[in-house]
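Once you scroll down, you'll see the structures, which are given as structure tokens.
Next come two complexes, and both contain subunit A; in the first it sits with subunit B, in the second with subunit C.
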Partner chain A sequence: MKLETLELTNFRQFKNGKIDFSTDQDRNVTVIHGQNGAGKTTLLNAFTWVLYEEANFDTREDRLVNEGQITKAAPGSTLTVKVQLTFFHENDRYRATRTVDYTKQNNQDLDGEMGNPSFSLEQQSSPGNWDRLSEGQKRVKQILPDRLRSLFFFDGEDIEELAGVDNQEQIQKAIQNIMGLTILERSISHLKQVADEFEAEYREYADDEVEELFRNRDKLEQRIEKKTDQIQTRKDKRDELSDRIEEITTQLENIDESSDLEQALQAAKEERSSVNTELEAVDSTLSSELTKGGTLALALPVIKETSADLEELQENDLLGSEVSADFLDTLLDRGKCVCGRPLEEHSMYYERVEDLKSEVGVSDIGETAVRLIAAAEHADEDYRDLEKTLLESLERRHTLADELAETKQKIADLEQELDNLTLPGDSGTKSPAELKKEREEAEAQRESVSQDIGMLIEQRKGLEDDLDAVSADLENAREEQEQATLAKKRWRAALQTRAEIESSFNKVQNAVRKLADQRVSTMFESIAHKDLSAEITDEFELRIRQRVGDQWTELSKGTGETQIASLAFIGSLVAIARERYEKDTQSSYFTGGIYPIVMDSPFGALDDDHRRQVARLIPDLGSQIIVLVTDAQWGGPVESEMEDISGAMYTLDFDDGTGDGNYPETRIRTEKALKVDY
Partner chain B sequence: MTTSEAGTEVQVDKETIQRVKDRVFDAEEEQRHLDRPHNILPQIRDIIREEVDQ
Partner chain C sequence: MARDHIKYDRNVAYQRLVDEEEVFSTYVEFFMFCAALGYSRDEKVPQAYKGAEHKLLWSHIEGTELFETVSKCIAYQETEDPDVLDDQERQLEFLAEYAASGAEIAAEEFETIGDDLVGMVTRFVLEESPGSEAERSESDVSNLL
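So, the complex of A and B:
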């Protein structure tokens, strides 16, 4: 799908206007910029309204009609709101049109009464001739499925949520959506329902014992479902608390009195987290080195003594071929070594001589002794290496512990200073100290909720284990009756088919996750700082990590990098869908597609450096990109990066209507249009 | 719910499962364009009854 033009008539603040999108391969970006309130979000909504009859406005969602036009209209007259979108899809040109009439009831009626919207989709048969399709809405949903809408028409300021906490479901859903596995999804769901029906049939014939097992299983399933609900409720609560904590942090950063302190506090907390991460890594090194070589330290004196004894025996020519296991037996029997050391049964020396006897062949004692002496020398070297590593690690640990103590003190001092800021803000808002206290309470509550979540997950796991046990008992339950057996067989067939489809579904989903992971990682690393990396984990989490020393630590939410990673993720899905489409594979359940991206305010509150990085990334996100951006975001690095790569550019000239008593209106002014002949 | 719940003493061979799967996909495919497929559950139930009849 490639967008060609968008035309608006009486749609919100647009009395009329038209945009020709760039369809050029090299200059694939169309930029539309304007001041706040000029109508960028209205344009984003125009796309979703014309295609799906969906719009999401902050104010007066029900009023699509132009305010000025309905006010001026004569009572009883009708105004038509119209949005028309032309686009290409698989070598055909389409025209989607949605209209709705507003009738002005009387002079006081400034809203108009809304009629029923109507929709048409036409396909161009020859230049100037359009054929109306009978099931237009259905066709639109086939071309750009409804479920993909949020992936390709989005508010850039919301998109960073993809890289936020607990985002697995969004990522997983996005991956499922891009795969277009409708048939698989539906089959899984429907087979579950049919399996339940066969199960019910089977239960009609089942005996009391089996019935009891079924009852137990049902109860366990209900309890598991309840636990799952409880977990979700707490997760929601945790998210809510996280949002509040973030909100307070932003507030504290924006209050003049606390701004510097709060920023210093956040920096100190990040430093504490980074030092803690490194400290854990050092502890892990210490632990693994001690596990690996710790016994060496204890055994070394014995090894050295044994080595010395063997050398002495060798020098005295007592380890030649004439020395036999019998000789060693004699030593053990008489309880005394040739060196004079007592060989008491079960003592370390007794066992050492015993081991020596069993390890060698009768005639190989001399050779083995040489080998053991060499091994003992090697053990000495290993010990020195171990000692060096341990000393270095301990030294580093000591430094880190000092740093940690220092950072903790710094945090305590800063918190104390914040506690002293007890004066309320200008408009009677909470003081920094009150905000900080509220944040601490929210953090404590979040910690407690997180613990609850952990506990509930454990409890659910226990119930799931019980469920598995009951299921296994059911598996073994025997039924003699023929009908019961047949019903059971059908039940099994439904479940087995469903399990196989589910397995295919998971395989494809995982394959796409891996592809997306590779692309996100490559795209992100090509643009972000070299010590940062992005990945989609096995659990479908989009994570950004930062290298600190030799360790990777997770980057906190709300940075410019999360915006970049989230955009890279969307870009990866677009690329995967396109690749799949162009490969024309045999799979009939994931055919892919070519999709445009329309994004509102992708630069959010980013600093200049990150805006530049995002601007560089945008052309690579898809084959056609439409960027809606505020004038404030457009200037500087964004404009310099995007001016050359954009094929079309528009300004939204907004008149708020306050000056001359008129009504708000936006005109679309063309700054640059790249003419392409079709 | 797992497949094992339906028991091991009744076996459904792989070929049957494959036929059920293909026919279910065909039935779903016919109604892919619909938001809510019509009568799909009775259709799937009949497919399974026909394929597993003894």
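So, the complex of A and C:
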């Protein structure tokens, strides 16, 4: 789908106006900018209204008619509100038109009475000729499915929320939507009901033993549910405490007396965390070296001694020098003799080994001894490498331990200084010392809640294991009555079908998650700072991580990077849909498509650097992008980045209508338009 | 058919170094460390495998070149008989006897409750290893030990 033109008549503050979107491949962005309240959000709503009869305004959602026109209209007269969108889809040109009439009842009626909206979709048959399609609305929903609407027509200020642990559901839903998986989800839920009905029937005819198993299963399920609720309650509590801790930190940073101390304290804590992370990495290196190297270190003498003994036996022909033909073949294939000499084809040594093949007998001991001697040769070298790594790691630990002690002392000193700031703030607010104490209490509480969560998760795991055992017993139970056998078969069939659909659902969902993850990561890394990376985790969280030393830590929410990552996620879905469409696969769920992105205010409250980064990312998000932006966001880096890549540019000139009896109105002024003839 | 496993007991050292602190990733790796330790101290528990609880498969030894080498070398030094190089049963028995002793030594050496078990084991390995005294600059090690 590629958007061509949007025409508005009497739609909210637009008396009339037309926008030609850029359909150029290289300059795929259309920019529409205007001051706050000029009508950007109205334009976003114009798209959704014409296509789906959906509009979402802050005020007077039902009042679509232009205020000035209805006021001026004579009583009894009718005004038509019209939005028309022309677009291309799969080589055909379409024209979607939605209208609604407003009839002015009397002189005092400034709203008009709204009639029934009507919709038409026409397809161009030849230049200037349009054929009306019989099921226009249905066709529109096939071209751009309703469920994808919020992915491709969105308010940029809202999408920042996609990043962060609280929004797994949105990410998961978006991934399901892009593949049309919601239909499978409904089937799973339906099959659950079916299985429940058969289960009830089975229980009715089952014997006491089976009924007892069912009762046990129910109890376990209830206990698991209770544990899950308890875990969730504690997680909410932990999040609440984290928010409070963050809030206190911000407060302390904003109080003049404590500002510098608090900032220094946070920096010291970050340093402590980074040193600890590095210490863990060094310990992990040591563990992995020790796990085999420890044995090598202690056994090196016995290896060397045995190797020398065996060599002596070999020299004195006490081992049986013959080796197997297979072993000689291995040496020839490897191109290296046990003595370390290269065995190049046609060389003297190669031929000697070849000749030995005709003489070989069977002596496993001799062969084992040759292998042992060869292994001993590199054991010494391996030990030297190990010793070097162990010594270096110990030295690094030493340095890090000193740094850690120093940082801990710094933290203690800064905390002491904060404790001394006992005077309340200007407006009688808490003193820095009181705030710090409150934060410490919240931190202790959070630690205790986190431990509870861990314990509850363990307990739930135990219950789940018990549940698996009871479910297996139920599976294996034998039935006396025929009705019970039949009901059990049906019940199991429903459960099995559900499990199979669930498994396919999870597989597809996970495959799409991985694709989205790769794309988000590539897109994000191409634009963001080199020490940052974005990923969609196995739990469907869009996370941004920052490299600190050799380790990665999670970046906090609310940064410009979250906006970039969220946009990259939308871009990844557009790309997946496009790829699927171009692959031309037969799918029962979703055949993909090429979709435009229409975004309102993608720059939010970002600083200039992040605005520049977002502006650079925008053209890569899809094949056609329409950006609605305030004048304040447009200036500076955004304008300089986007001027050359935009194929069309419009200004929304807003006249608030004060002064001379006029009404608020927005006119669309063309700044730049690429002319394309169709 | 040759025996494909040997029995051994897991004492407190296994619990600390494998289960709790994960200094060693697997029981097999720690078992082999203990066997090498027991042998280097020339201490073993005769027939420690008799009545022991846990099973150690020969395939786990055979699957790692170093472990197979150590197993054969210890067995050869014990018997001075080259035939033992292909006798997995006897090799397993020697390993189990030395590992039982090594585990007791490890339990004593690493019994101190502290949070630096990885450091302790590393220093212990460097101190115990007579492997390359000639190459090692003593000052390097003594500074860190």
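Here is the rule we go by: the second predicted complex is superposed on the first by the 358 of 678 C-alpha atoms of A that agree within 3 Å, B and C clash if a C-alpha of one lies under 4 Å from a C-alpha of the other, contacts with A are read in each partner's own complex, and residues count from 1 in each chain.
In this text, a contact is a pair of C-beta atoms (placed from the backbone, for glycine too) under 8 Å apart; a residue touches a chain by one contact, two chains touch by 3 or more.
This structure is a prediction, so every number in the text was calculated from the model and none was measured.
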Touched partner set for A:475, first subunit B, second subunit C, both or neither: first
Contacts of A:286 with subunit B and subunit C, given as first, second, both or neither: second
Subunit B versus subunit C as contact partner of A:133, first or second or both or neither: neither
Touched partner set for A:391, first subunit B, second subunit C, both or neither: second
Touched partner set for A:190, first subunit B, second subunit C, both or neither: first
Subunit A-touching residues of subunit B, taken from the complex the two chains share: 1-10, 12, 16-17, 20-21, 24-25, 28-29, 32-33, 37, 40-41, 44-45, 48-49, 51-54
Residue ranges of subunit A touching subunit B (in the complex, touch as defined): 135, 138, 141-142, 182-183, 186-187, 190-195, 197-199, 217, 221, 471-472, 474-478, 485-486, 488-501, 588
Sites on subunit A touched by subunit C in the complex: 283, 286-288, 290-303, 305-307, 309-310, 313, 318-319, 364-365, 368-369, 372, 375-376, 379-380, 383-384, 387, 390-391, 393-395, 397-398
Touching residues on subunit C, where the partner in the complex is subunit A: 22-26, 29, 32-33, 35-37, 39-40, 64-67, 69-70, 72-74, 76-77, 80, 82-83, 85-86, 118-119, 121-123, 125-126, 128-132, 135-136, 140-141, 144
